[in-house]
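Handing you this structure, nothing more for now.
Chains: A, B, C, D and E, in written order; residue numbering restarts at 1 for each.
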Amino acid sequence: MTQSLWYRIGLPVGVFVIFVAIWQILSVTGTLNPVTFPSPLEITIAFGELVTRGYFWDATRITLLETLLGFIIGAALGLVIGALTGTFRTFRTAFYPFVVAFQNTPRVALAPIFLTWFGFGITSKVVMAAVICFFPVVINTVAGIAGVDENAKTLFRSLGASKAQTFFRLTLPGASAMAFAGIKTALTLALLGAIVGEFVGASEGLGVLIKELNFQLEVAMGFAVVIFLAVIGLVLYGLIELLEKRLITWARD
Amino acid sequence: QDLTPVNVLLPIPEGIAFTPMIVARENGIFADAGIDVSTSVADGSGYLSQQIVAGHSQFALMGAADAVVSFTKRDDVRVLFCNQVKNVYRIVAKADAGIGSMAELQGKSLGYTEPGGGESKLVSAAIDEAGLVVNDTIRLVPIGSAGPQSLVALQNDTVQAYSSSFPDVAALAAAGIEWVDITPAKYSNVPGACMVTTEQVLATDEGMAAATALTSAWVQGQYYSIENRAEAFELVCSTIESACENEVAAEALFAEAMNLITPPEGHRPGELTPSSWQTVVEILASSDTVPADLDIMPLISGEHVEAVIAAAYAGR
Amino acid sequence: MTQKDSIAVTGEAITLTGVSKTYMTASGALPVLRDIDLHIEAGQFVSFVGPSGCGKSTLLNIIAGLVSYDTGTVTVGGQPPREGRDDIGFMLQKSVLMPWLNVSKNIELPFIIARRRGADTAQRVTDLLELVGLSDYATMNSWELSGGMQQRVALARALALDPGVMLMDEPFSALDEFKREHLNIEVAHMSERFGKTTILVTHSISEAVLMSDRIIALGANPGRMVGDITVDLERPRRPEMIGSDRFQQISNEVRAALSQGMEESQ
Amino acid sequence: MTQSLWYRIGLPVGVFVIFVAIWQILSVTGTLNPVTFPSPLEITIAFGELVTRGYFWDATRITLLETLLGFIIGAALGLVIGALTGTFRTFRTAFYPFVVAFQNTPRVALAPIFLTWFGFGITSKVVMAAVICFFPVVINTVAGIAGVDENAKTLFRSLGASKAQTFFRLTLPGASAMAFAGIKTALTLALLGAIVGEFVGASEGLGVLIKELNFQLEVAMGFAVVIFLAVIGLVLYGLIELLEKRLITWARD
Amino acid sequence: MTQKDSIAVTGEAITLTGVSKTYMTASGALPVLRDIDLHIEAGQFVSFVGPSGCGKSTLLNIIAGLVSYDTGTVTVGGQPPREGRDDIGFMLQKSVLMPWLNVSKNIELPFIIARRRGADTAQRVTDLLELVGLSDYATMNSWELSGGMQQRVALARALALDPGVMLMDEPFSALDEFKREHLNIEVAHMSERFGKTTILVTHSISEAVLMSDRIIALGANPGRMVGDITVDLERPRRPEMIGSDRFQQISNEVRAALSQGMEESQ
């Protein structure tokens, strides 16, 4: 019953090709309005033009910078807060309800407020990215720490391990697989946060570029940028998965 | 009798800036003309032009710059009238900054709402003309439309001047910022938001009828608002409560809105003037958005457009 | 204090006098152990058997210093028990190897925690690996081992600091009967060889008989001793003994003590 | 070691009170700029005014409608696609890569496109909400189906259960606890999607109201709306948890 | 065909001739069973014992019609096996009760799947509940029961359609030794009472001896029969028999057959 590699790769690629082909045909026959729904060919050509433009790469750099800074800050804070929450009962009781409450607030509504607090440079976008990717890391870190094997804890106690030893030699590695799952989600969310931030107010970045292309009715180019963002999302996801494989070598299934 | 439904796309939600439309609706002018006008809203004119060019919508009220860009993408795009006959975009300096003209922005920071859109083109054109260079002799900061973030940016001197559409300028004025208008004079008569449609719509009897009814009722709303300011204000505030939450801001905004729909001596409200549209082309051409030799006349004239205009101003 | 370069004979005596323990739970006080008096000689191999929930683990944890007790006294090698005494080795039901550490690092863990890793640690780990027959697996990931091999790593780890006392809480319950018998014999041999004092908690009567010098049967509600059976089978123990008459006699004695205890509880 | 109820409720409430008190003091002493950071008292008063306004409740109604419609559509589709993906290997091989790829696209970037495709009425906001809450449901449903006990499957086979019987009597209830966890996340995300949609273009709704109040520099009222959104998020979360408790009566821990 | 209002005596004979099975795995063909010839008489209680991975479950699944075989023939009550035959009851290692169904609904499940729920089903469920001694627990949630009670519900479910043949794959492995012996006796009694043909897969030799009329010892690589031991202990079986000499003799016979089988495999 194991599927061959050919099947596992061929089938989705086939589906993709058919999808694009139908889209192209619908475009050529005029069923799809070229203004609101450019054809794959037009989008490809537009992308070809886009990559020759310096401003496109500037925008990409800015957005990536915001994403990565936001991710690093958000994930690091998430790990620290998650570790505190998971380790100290009182901390958990006192602050975790707020973490959960905050996670249930539609955080885009905060974008304008961040603009006010953190200014018009990249800081407010970095903060938006950080805030949005903070929560999954906290929640997964807490869950990971809660999931550390009780037997292993007993073992460490019996060995007379200090609090620090238990934390660094058991809790941290034990929770890391779970925490990393949160970190993986966080990276994608950081990109989202950066784009939201740019939409609300920014002078540079791919979010801004989408708006500008929209004004100029360069719809195909706008689509190209959106698809490019999807690819960035996938590449970031792939990279973080690679990192995970290297760091959490012992995770199975 | 049955009213014909007409949907108009707006770049911002209904509010004080659209007083003539609200007057026309509330006072039954639209109904008398046989139409029932509803609106849909997108964040900015860019989305509206897409809909018009794609042929998904029949009427949209959009910035003059967007109308011109649409026209370059689809040559049967037509403008019927403008809601404001004067420039809705302002470049203003804080009164205490000692800036009296564009040229004096040298070495200063100019706030504007956002990149992309007609306003940013006007800003770049104005900066070019003043001989300034962005990121060198002048800094541009996107501080968004009126709101706490732009207010703070002005208060703490992050920017010394601000460019935006008139409602933002009015709202910040109401919050205590004193302005000096430094918009170059040549831009003062650039049209504001204008009603855009296509020949495709006007070529049908129903489309022509809707366009005529919409235009004449809206223009009547403009006349009424100019002549009965107090009543018009009252009407808008009672219709759209949330727009008048801050009364001072609302009044300031209303005054400015009226100023912009009131035509210069010898002109009619909403009237299309070729020279002001030519200015729009110049602005856009300076940033290579449209060709400098674009012939703007087909956009604002032609058999159908003229027939609509004739009917709208009949007796005025 | 302990020899580090070879597996030393360092059995210690264990004495409990009048030990009682009551857990405070949400639904009130739960007496778990009452008046336990027990003396285990140095080098003796003792098993605790009894129904689920009768307090076997609690008793073992008290001896390990992991759980406090309400009344009575406990000494291990003359000292009161406490966590982190490196003369007490603890082996749990699950082998709980750290998956992020390879086999030899897992065995090294007690040295690290006790801050006793030194120049001779590597040699000691090698010795232990040899002892449990895993010399070829030193750098394997612990999760790549079979269940039985994992148990042996856990055993090596429990022996790492060369404790005089080995405490084992159902260490073989995860294995099937065939593997289990095999490991039982191995552990019995090890204990015979090094004369360590050993306490084994188990649910299996035959496992208890096969390995122990003495079996303590516990009854429930609250946990108390209901039988103290001496196992006089010769050493070294062999699997064939399981079929012998004496083995069966002893098993039946244990069974009888447990039934007796259960009836009293009801 | 069990914490008393008093402690579990008192501690977070205490933290909240202290937090608000410090905020109020900082506001009164002028350390916080009232334009960017109105005091709790001002916000409370502003909220008191807001609830007397008809337009506030109209906006609430619209946003809730968008959220709930989007949630129902997105969650229902997510369940169906998740069930297909989890049940049919070929479907999974062919389409799941796209589900994952799409999940990694910053979906706010799609908001303008949805506006174009689905018009300016509430449809585009409903679609945004649906799209954003679709994925967690798909992913959790797939995971839930994958997690159905192999032994239970063998039991059903041994009983000679038909495909339909196995699906409705085993797979569906077996996956429901996991799927519901996705549905819980989805509801919060639907609210987020609706607000994002409104930010990009809408004539009514709380997102629009936030913009409008910001524009008028009614900052305290703007904050009140954001906090109100947080409360809505929490209430929705609470309701869906109640529903979960009623439906998935057998879930423990 | 079967009586529905009471627990009927409907044992069926099982015959395997020359059954072989090879699994195709990623790493090549894996022969799991070779040339199994086995005849089980109607009403006989047979246990399969053998090392892990020797093919016990595969063999049972073949008899249940859940797994296909490569060569040979299999008949159960004269018919080839297939899934969903309501004269074959299957009981797995885990009790796998549906947590979303209460106790009686769980027992009713086979009727629903077989589309045989009728006016008399409720009565039948009541009878079954009484049979397994759970009459008072009909409307309990299945996860509120103890492990042993869950096993009894699974047993009632396996008996629901009154199958002539009961197949049980390590049904008691989740229980501790004390509970296990108790349930062993109960199931042995049930089987004695209704004369059903029963096959039990188990890792426990004493469980096999205690319950069966006959024990099939299997060897590994590939799975084959290495012993066929008759258990001539009198019926009804009682827990005290475990200590008896005859019991031990038979156990040792099984043990010997298994050791023999293991040596041959190596």
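Things worth noting here:
Definition applied: a contact is a pair of C-beta atoms (placed from the backbone, for glycine too) under 8 Å apart; a residue touches a chain by one contact, two chains touch by 3 or more.
Model, not experiment: these values are computed from the prediction.
Chains that touch both chain B and chain D are the following: A. Chains touching both chain A and chain B: D. Of all chain pairs, the one linked by the largest number of contacting C-beta pairs is A-D.
A straight line joining the Cα centres of chain A and chain E is 51 Å long. Note: centroid distance chain B to chain C, computed from Cα atoms, is 85 Å. Among the residues of chain C, none is found touching two or more other chains. Residue positions 44, 47, 50-51, 54, 56, 147-149, 152 of chain B each touch two or more of the other chains.
Touching of two or more other chains is recorded for residues 36, 112-113, 116, 200, 211, 214 of chain A.
The complete set of chain-chain contacts reads A-B, A-C, A-D, B-D, C-E, D-E. Of all residues in chain A, only 3, 7-8, 11-12, 14-16, 36-37, 89-90, 93-98, 101-113, 116-117, 188, 191-192, 194-196, 199-200, 206-207, 210-211, 214, 222-223, 225-226, 229-230, 233-234, 236-237 touch chain D in the complex they form. Within the complex formed with chain E, the residues of chain D that make contact are 149, 151-152, 154-161, 165, 169-170, 173-174, 176, 248-252.
Across the interface of their complex, chain A is touched by residues 44-47, 49-51, 53-56, 66, 69-70, 73, 114-118, 140-144, 147-149, 152-153, 158, 289 of chain B.
Across the complex, chain C is touched by residues 51-52, 176-179, 203-205, 242-243, 245, 248-249, 251-252, 255, 258 of chain E. For chain A in complex with chain B, the touching residues are 33, 35-36, 112-113, 115-116, 119-120, 200-204, 208, 211-217, 219.
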